[in-house]
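So that you can tell them apart, the chains are marked A, B and C in the order they are listed, and the count of residues begins at 1 in each.
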Amino acid sequence: MKNNNVIQVEGLTKMFGDFTAVNAITFEVKKGEIFGFLGANGAGKTTAMKMLIGISNPTSGKANVAGFDVFTHAEDIKKSIGYMSQKFALYDDLTVKENITFFGGIYGLSRKRIKEKSAILIEELGLEKVANKLVGALPLGWKQKLSFSVSMIHDPKIVFLDEPTGGVDPITRRQFWEMIYKAANQGTTVFVTTHYMDEAEYCDRVSIMVNGKIEALDTPKQLKAKFEVDNMNDVFLKLARG
Amino acid sequence: MKRFIGFIKKEFYHIFRDRRSLFILFGMPIAQIMLFGFAITNEINNVDIAILDHSKDVTTEEIINKISASKYFSINQFIEKESDIETVFKKGKVKAVLNIEKDFSKNLIKEHKATIQIITDATDPNTANTISNYVNAILIQYQKELNKEITITYQTVPQTRMVYNPALKSVYMFVPGVMTIILMLVSAMMTSISITREKELGTMEILLVSPLKPFQVIVGKVFPYIFLSIINAVVIVLLSIFIFKMPVQGSLFLLALESILFIISALALGILISTISATQQTAMMISLMGLMLPVILLSGFIFPISSMPLPLQIISNIIPAKWFIIIIKGIMLKGVGIQFIWKETLILVAMTIFFIGLSVKKYKIRLE
Amino acid sequence: MSIHISNISKSYKNVKALQDISFDVKAGELFGLIGPDGAGKTTLFRILTTLLIANEGTATVAGFNVVSDYKNIRNSVGYMPGKFSLYQDLTVEENLEFFATIFGTTIEENYELIKDIYVQIEPFKARRAGKLSGGMKQKLALCCALIHKPKVLFLDEPTTGVDPVSRKEFWDMLKRLQQKNITILVSTPYMDEAALCDRIALIQDGKILEIDTPEAIVKHYPKPIYNVSANNMYQLINSLNAYKHNHSVYPFGEFVHYTDNRTDFNPEDLKVYLESKNLSNINIDKTVATIEDTFMELAK
């Protein structure tokens, strides 16, 4: 892959009728980077992400994710990425182990590999005591951590996180981010969408979408310096209010 | 009162904006009546039969002509030997074979007795039965004609007369049943769904934390459906009168009152269902399994109650639909007045009061 | 006293949702209940809005007991549940009209109160509520909760799932409502919103951790707190976690908030240690604690 970019997007556009949801966005994400993808409700974040994970066809532009073209190789993209969203994460009526086995299965891991992975995962998360309990009975924070691990079960090149930590208590939240740092450190690229700005502060670089366009893209530090404010929230407010 | 009217207004917005439900609401009765009236029927028409005629004489030819002239049968083929019978049945098109014995005319004249064997395909026992009855009827008819000429003494021919539905039209039997199903479905299922929808969306929480009284919420919820159910009942009755030429013998006014009574009992059941289910899906499942199946299976609509095993006969008594079907069959087909159906009406009234009482008691003024 | 809560406990089956909660909210106060999902915020709201009955303890709202006087409370409070709870198939105007009618009032009668907010959504008044954006839905829900001029307003996580611009606007609206003598109890899982309240209660696992003004709460943070940064975040966190003198290590955006368990802590020692772990560009600066630091310290 050229110049170490795992996501390369050029002029990516999505139209619904005559409404331009995503307007010619261009950016790239490096291997092992934690990339924050921010925007107000309706700014086009979700639409853009759907194109990147291969479940929505772009109207025009170019995008290459994990070495595959989104137009022609959407199925290959799906195999090499992980996805976690707050809305859908795990099956509440399956146990911890059953969830891991199920998701391992759909990503085509061998039975032996699932067993190994499952043991490692449960140990890492300290879930030994609840491994055979229903996921629905776990506290939210544990669920989110488990859900993140499950989305990484097939060692994807990129993991997409859609508002991963909303409502989680501050301590668990930090444990969650430590997991993200660890994954990034091991070379996995992390792509996070959120509209919580404290989450944005953890990212290596963030892009901010306003009305379908990327209006800013830089490290949180640079953005704060550029807009002469001391937190990302104010950066966002300045940008979104024009 | 203003609050109440505001509430009802909102309910009508919900109903009229949900195009799909609205379509089901008004499309279903029409579709069901048409289906039961035209397609699903106990009558037989143009059934294919085969004939194995061993005598091939004048009498058998006459009999065969009679049969093929009736609109019930059409003769598909003539076969020559016994072994062909199984072959034609296996092909499946032929539903019955008439096996006429050798020397039929001779036997008839000599011994005053000749035999025709009716072999029917009993994979569908109801049809088989009907076919053999119809063939019998034609043969008896023919026999009577013969007897006029031959005059045989002491011959008894049973005579059957069908009352209330002389043409044996199955639509007459289905209309009361369909009306019951529709009223039950619209009233119970729709109300239970509309109440649980508020629970699911969380709007029930806001309604509870408002000065609206539980009674107002319940009545406000059911009122639009009383209205819609009445429209449905009217549509069904009109359809049956004008399309199926089914006469309504009794008083239309009494029919309307009884229908409203049944609608209210169904609405009360709907409320009851909504108090025990948390989601629209559960409400729908309970309505379908708990109300529709008994109405179809145990109310006497399709299967006669008198031929059910005793335990089921006893259970059928607690199904409001059973009583309602008796009542409307009485009014529509027999033209009876309240003096003949007051018992059933009273049972229905008692059930309605019981359901309303129970649902008001079960309705919670708080969550959980 | 607008809301008085004393020794409230509530359990579901074997989960203790609330344990011995007591606090007061003064008339005209903007009071924040801050805690993560599952802390018991919604349960407490439901008890105060008469939707649930507590197992133990008593509470009054606007002077009425939440159990015996529930009818009076239902007339005098506004409630905005956590989930968007309006009729999606009704238009903006129809929703508002409906809620006005069931509370026995009209939009015109109390228009003054909602005017500021309503003008923002008025251009869309013929649109169905389900088709509104997140921020607009929330404004409509607030209008509906205010239409009968409640004395006390309960807002359960009104800003969850809403973008920063709408969140800011929402808090500005609350500030203005407060001027009109409405007592507001608001809950949120977002610690940064705490600073916007007059007083806050930090809640976790059904227990109140602390109640005070946001300023006092951060002032009471027991230890000096440091911003630490280095070239590699992940290694920095790991090294700090392995440091034997650490009291707490929490990533905070581009920094790590670090506290030491020694009273005579010298940042230079830490720097030397981190350098020994092959980290570079190390910066250690004193900083002030946030509500979140306090929360984590108390929840530890």
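A few remarks follow.
We take it that a contact is a pair of C-beta atoms (placed from the backbone, for glycine too) under 8 Å apart; a residue touches a chain by one contact, two chains touch by 3 or more.
In this text, all values refer to a predicted model and were calculated from it rather than measured experimentally.
In terms of which chains touch, the assembly is arranged as an unbranched chain of neighbours. Farthest chain from subunit C (centres taken as the mean of C-alpha atoms): B. Subunit A and subunit C have CA centres that are 26 Å apart. Subunit B and subunit C, compared by their mean Cα positions, are separated by 59 Å. Computed centre separation for the pair subunit A/subunit B is 57 angstrom, with centres defined by C-alpha atoms.
Subunit B meets subunit C in the complex at residues 2-3, 5-7, 9-10, 13-14, 17-18, 201-203, 205-212, 365-368. Those residues of subunit C whose C-beta lies close enough to touch subunit A in the complex are 35-39, 133-135, 160-166, 168, 189-192, 204, 232-235, 237, 250-254, 292, 295-296, 299-300.
Residues 46, 49-53, 70-71, 74-75, 77, 79, 81-90, 94, 97-99, 101-104, 128, 144 of subunit C are the ones touching subunit B in the complex. On the subunit A side of its complex with subunit C, the touching residues are 39-43, 139-141, 166-172, 174, 177-178, 181-182, 184-185, 195-198, 201-202, 220-221, 232-233, 236-237, 240-241.
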